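Since the structure comes first, as structure tokens, the remarks are kept for the end.
For reference, chains read A, B, C, D, E and F in written order, and residue numbers begin at 1 within each chain.
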Amino acid sequence: SSYSGWGNRRRNDMSNMTAQWRQLYLSRAKLKAVSRTSALIAGFAMVAMVEVQLDRSATYDPVLLIMFSTVTTCLVAVHLFALMISTCMLPNIEAVSNIHNVKAIEQSPHKRMRTYIEVAWILSTGLGLVLFMIEIALLIWLKFITLRPVNEVNQPTVGNNTTTVSPLLSSDAPAWVATAVLIPVVILFAGFAVHFYRTLAQHRYTIMEDAFNEIETMANN
Amino acid sequence: SSYSGWGNRRRNDMSNMTAQWRQLYLSRAKLKAVSRTSALIAGFAMVAMVEVQLDRSATYDPVLLIMFSTVTTCLVAVHLFALMISTCMLPNIEAVSNIHNVKAIEQSPHKRMRTYIEVAWILSTGLGLVLFMIEIALLIWLKFITLRPVNEVNQPTVGNNTTTVSPLLSSDAPAWVATAVLIPVVILFAGFAVHFYRTLAQHRYTIMEDAFNEIETMANN
Amino acid sequence: SSYSGWGNRRRNDMSNMTAQWRQLYLSRAKLKAVSRTSALIAGFAMVAMVEVQLDRSATYDPVLLIMFSTVTTCLVAVHLFALMISTCMLPNIEAVSNIHNVKAIEQSPHKRMRTYIEVAWILSTGLGLVLFMIEIALLIWLKFITLRPVNEVNQPTVGNNTTTVSPLLSSDAPAWVATAVLIPVVILFAGFAVHFYRTLAQHRYTIMEDAFNEIETMANN
Amino acid sequence: SSYSGWGNRRRNDMSNMTAQWRQLYLSRAKLKAVSRTSALIAGFAMVAMVEVQLDRSATYDPVLLIMFSTVTTCLVAVHLFALMISTCMLPNIEAVSNIHNVKAIEQSPHKRMRTYIEVAWILSTGLGLVLFMIEIALLIWLKFITLRPVNEVNQPTVGNNTTTVSPLLSSDAPAWVATAVLIPVVILFAGFAVHFYRTLAQHRYTIMEDAFNEIETMANN
Amino acid sequence: SSYSGWGNRRRNDMSNMTAQWRQLYLSRAKLKAVSRTSALIAGFAMVAMVEVQLDRSATYDPVLLIMFSTVTTCLVAVHLFALMISTCMLPNIEAVSNIHNVKAIEQSPHKRMRTYIEVAWILSTGLGLVLFMIEIALLIWLKFITLRPVNEVNQPTVGNNTTTVSPLLSSDAPAWVATAVLIPVVILFAGFAVHFYRTLAQHRYTIMEDAFNEIETMANN
Amino acid sequence: SSYSGWGNRRRNDMSNMTAQWRQLYLSRAKLKAVSRTSALIAGFAMVAMVEVQLDRSATYDPVLLIMFSTVTTCLVAVHLFALMISTCMLPNIEAVSNIHNVKAIEQSPHKRMRTYIEVAWILSTGLGLVLFMIEIALLIWLKFITLRPVNEVNQPTVGNNTTTVSPLLSSDAPAWVATAVLIPVVILFAGFAVHFYRTLAQHRYTIMEDAFNEIETMANN
């Protein structure tokens, strides 16, 4: 039975090593996905910022403008931050994974910096995509507000105020509809994210339980 | 015959393992295709949204504007959702497929999350492409509506209403033709999708039937 | 001679297997080429549609506008359809080609769906590129028509009609020249396509004939 | 010596096989380079066509406009044609090169269609790049011609014609300088192409001569 | 014990060789990341520079304009410099890493030019990304300043100066908010960079300490 | 000692072969880098040329315009020339490097055409990037010159000439600052290039010296 004990220990070592490599590959794949997605979306956000044309004759709602500038800045900052983490960590992980030395994995910084990888991951796929959806809603608002009939501010006509409300509403209708479509989508995004993390956690738990049961079975024999 | 039984079982195990790996590679290839297609089309949709120039002097149909904003939002949302699922699942599957350990496949989350992969797949190649075709039709409408002669709203001329109908129609003709071209195309898209899924299902059924027959033949010997 | 017969059969099996793998690789390479080309050209067509600026003061020929909207729609539809077929079939073929199991090829759907691959191929490289050439000719027409001197419609001057014909013609000259250049090019495209398919068919025939002769020679020995 | 003769023949076979594979790889690399370069430049040319803004108030030289439309059409046609050849031939060559069967090369269509590959190659890197340089010169002309002072056509002033010549010239000066820079560049391009093909031909000749000498030396022993 | 000494020396040699290869792979991965990130951001910065539309009727703050031109120039220069270093060094490193000769690493220039690699790395991911964030803040300022009500300079109205201050402030509010959002982000960037470099340094120290302890343990046995 | 002499010769052969392969890989990596960088920058330069909007009402300095057109043409020509060399040579080198035959390297044209590779390399990373920096300075000049107050040429006001000088200067200040920033950058670029080539040459000299010493040591034994 001392032999079987050694076998068990060796099997555990092997399984431990495999789990570590899997963790390394997972970190690398995550960082690569972060890098690709974040560079793309930061680029689109910046192009949108440069290309959008604010019309001086239109009367934009100050709240809308403040939201637009804040969301754009946050969107770019979030993705650039994720990109920075990814660009900083990837070379270190790739340098390890290129050496097909089983022991090299112990020198990999991916365990010590696991928090950063998770932060980059959540910023890029979680917060980043939700901000992107909100950015699109705000862009639609900025586009359709220019179609509002110009209010002659200098000569305010109090009397027909009630009559101009109707075209004003109708010109905002597309933006309202788009916003209405987006709200359930954002909720669905959040719901999927929560469900996904739960399923993954449960999946990991099942694997560990299986491994534990297997070890116990071996111990009992 | 106990040997042949063991051989059968082993062959089934091998064949089962191969089928699992094939399933894993299929999931990975699908998610990669989803990721590429969706990022591309979401980008194009956003560029179209930012670049399209609404002309204040033109009188857009409110229904057209509502449809445009709704379709654009849906298009971006559908592709971003598919992209999110793909970005979330791919690293987990790639981490497994990089370890050339035959047992590693049992720890892959792709079976438990198969529904998500199928959803991402159908959203990206099914609903997403159809929405893209509709978006293009709406863009053509928005473009050609600016060529309509301006209707002097303040001085409505009831008399020559019948005469202005003819240029109005002729300036909308390109958009009508484009729409007419698109309707059979969308039907063809849907038809192909249905036919494709049926052929694939039938193909899988044939393979399984062959495998079943083979097992039966072996059992009878 | 029974040994040599078995040898022949085995050689034929091997050669058959090689031919099947070659067919699989050919399908995969074709679908990849379709996917890359079609995504690129559909993107360019859509950007051209969004960016082209129709000038309200210019008098566009209705036939030109109808042709432009029809060709753009067809162009995008053709390439999206090819893209859809490619995106649907590629994962199935890649999943098979990743498993280096010689028997796996029998489960590949590429034989049953060969028609779709050929359709995608012809749509993308044949019809798609010809439509793209026509689109460019129409874009040149739309560009140069804005350089036509504005016809004062409200005050039609019948007398100097003959004198304005000359600048009208000269402003259309670049578009006419471009069209004249394109006609032989389109014919050359079609000619090359026909010649190419014939050469390829002849090439396949030669290979099969060689194989047949070889088999006959072996049978006679 | 019969053994050495067999050895020679076998060595020639091997060397012949290697030369064939090298030819196959060369064709594949050429077609890939053609595909990448041509897609890129055709795209840029089309974007330039769509984005360039012709100013109705400027008086463009008809010759300039005809040259611009002709060169743009030729540029796009040349690169699309090279792209088409490349897209048609690459899958056939890649399907062969993926099968690591030494005999498979005899079934490759790259020998029979060598003319097409050479045509695509010369169109894409030779004619295509020279046309691209000319296109840029024409774009600079179109840009700077809008800076010319507007000639009041309705009130032609014969007297100060000599005085307006000087600013007219100075506003065309940048375009003239750019053209002057381009002429030696185009000559240098052509010169390099000729020199390159000669050096390559001489290089091939040297290799073949070496091989011939080696064979002769072996034959004399 | 002479054998064990030889074993130690050999193990140290091996470990030294592995460390050198890891260093080579790390340099290569860093330069690749620098090359990709810098090319992307330099491109975006240049597009932003070309596309941004300065409005002649708006009264830009000279300090803002000077900052914008300086930051854009620095941004492009920093990334082009990083790109240049990367383009110069990568081929030399790749040529070494392609030869799977263990001794080849001693001929690699990456040790002698390590300073350049570190400089390119810090320029691209450190200074470059912070400058990019500042560029975006400045772009937002340039955009929203055009929404300021035009000050009639020729007819300065001293009296209602206090009343126009309020819309002036409100039109600048989005830009101020964006700036306020960016300041903590830039601090966070710097903080992460410092923390990241410290963690990495500590990580390397731990590895070296482990190696030292291991050697000592071996020496004592 | 005849054996050791044979060993030395064989080792020299091996080392010579390795050096040749390293040279081949270096040439290939250089050409690939040239191809990627040059295509990117030529594209950006052309987009800048098409997109930049010259304002007819602004009074551009003729020298500025001539410099802009010259630099743009040179920039595109330099990168296209480097791209052409790269596209012409790469397939020949790749065809050789794909055949893992040690003797194949002697048939590679990269030694005979080494001058072209060095020329492409220096054009693309040396001259090309410096021209790109100058292009950006000129683009900033073109942008900020449109913010100059319009000089009413028809009614020259001699009296307040001294007063208008001050806003004229202040509107040019951003461009002057950008130019001032660029001058040390260009010098730094040149300095780095010189230092880099020197370090590389010194590095090669050290390697050759080491090899020589090693050979001498072997000869003395």
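The criterion applied here is as follows: a residue touches a chain if its C-beta (ideal position, glycine included) is under 8 Å from a C-beta of that chain, and two chains touch if they have at least 3 such contacts.
On a predicted model such as this, the values are computed, not experimentally measured, just so you know.
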Any chain in contact with chain A as well as chain D: none
Greatest separation from chain F - chain, by CA centre: B
Chain located farthest away, centre of chain C as origin (C-alpha): E
Cα-superposition angle relating the copies chain D and chain C, to nearest 5°: 60
Chain centre separation in whole Å, for chain F relative to chain A (CA means): 37
Distance between chain centroids, defined by C-alpha means - chain B, chain C (Å): 21
Residues of chain C touching at least two other chains: 47, 51-53
Graph class of chain-chain contacts, one of line, ring, star, complete, other: ring
Circular arrangement of chains, read from chain A onward through chain E: A, E, F, D, C, B
For the chain B and chain A complex, residues of the former touching the latter: 39, 43, 46-47, 49-54, 56, 60, 62, 65-66, 68-70, 72-74, 76-77, 80-81, 83-85, 87-88, 90-92, 94-96, 98-99, 101, 104, 107, 109, 112-113, 116
Of chain E, residues touching chain A in the complex: 18, 21-23, 25-26, 29-30, 32-33, 37, 40, 44, 47-48, 51-53, 124-125, 129, 132-133, 136-137, 139-140, 143-144, 146-147, 150, 170-171, 173-175, 177-178, 181-182, 185, 188-189, 192-193, 196, 199-200, 203, 207
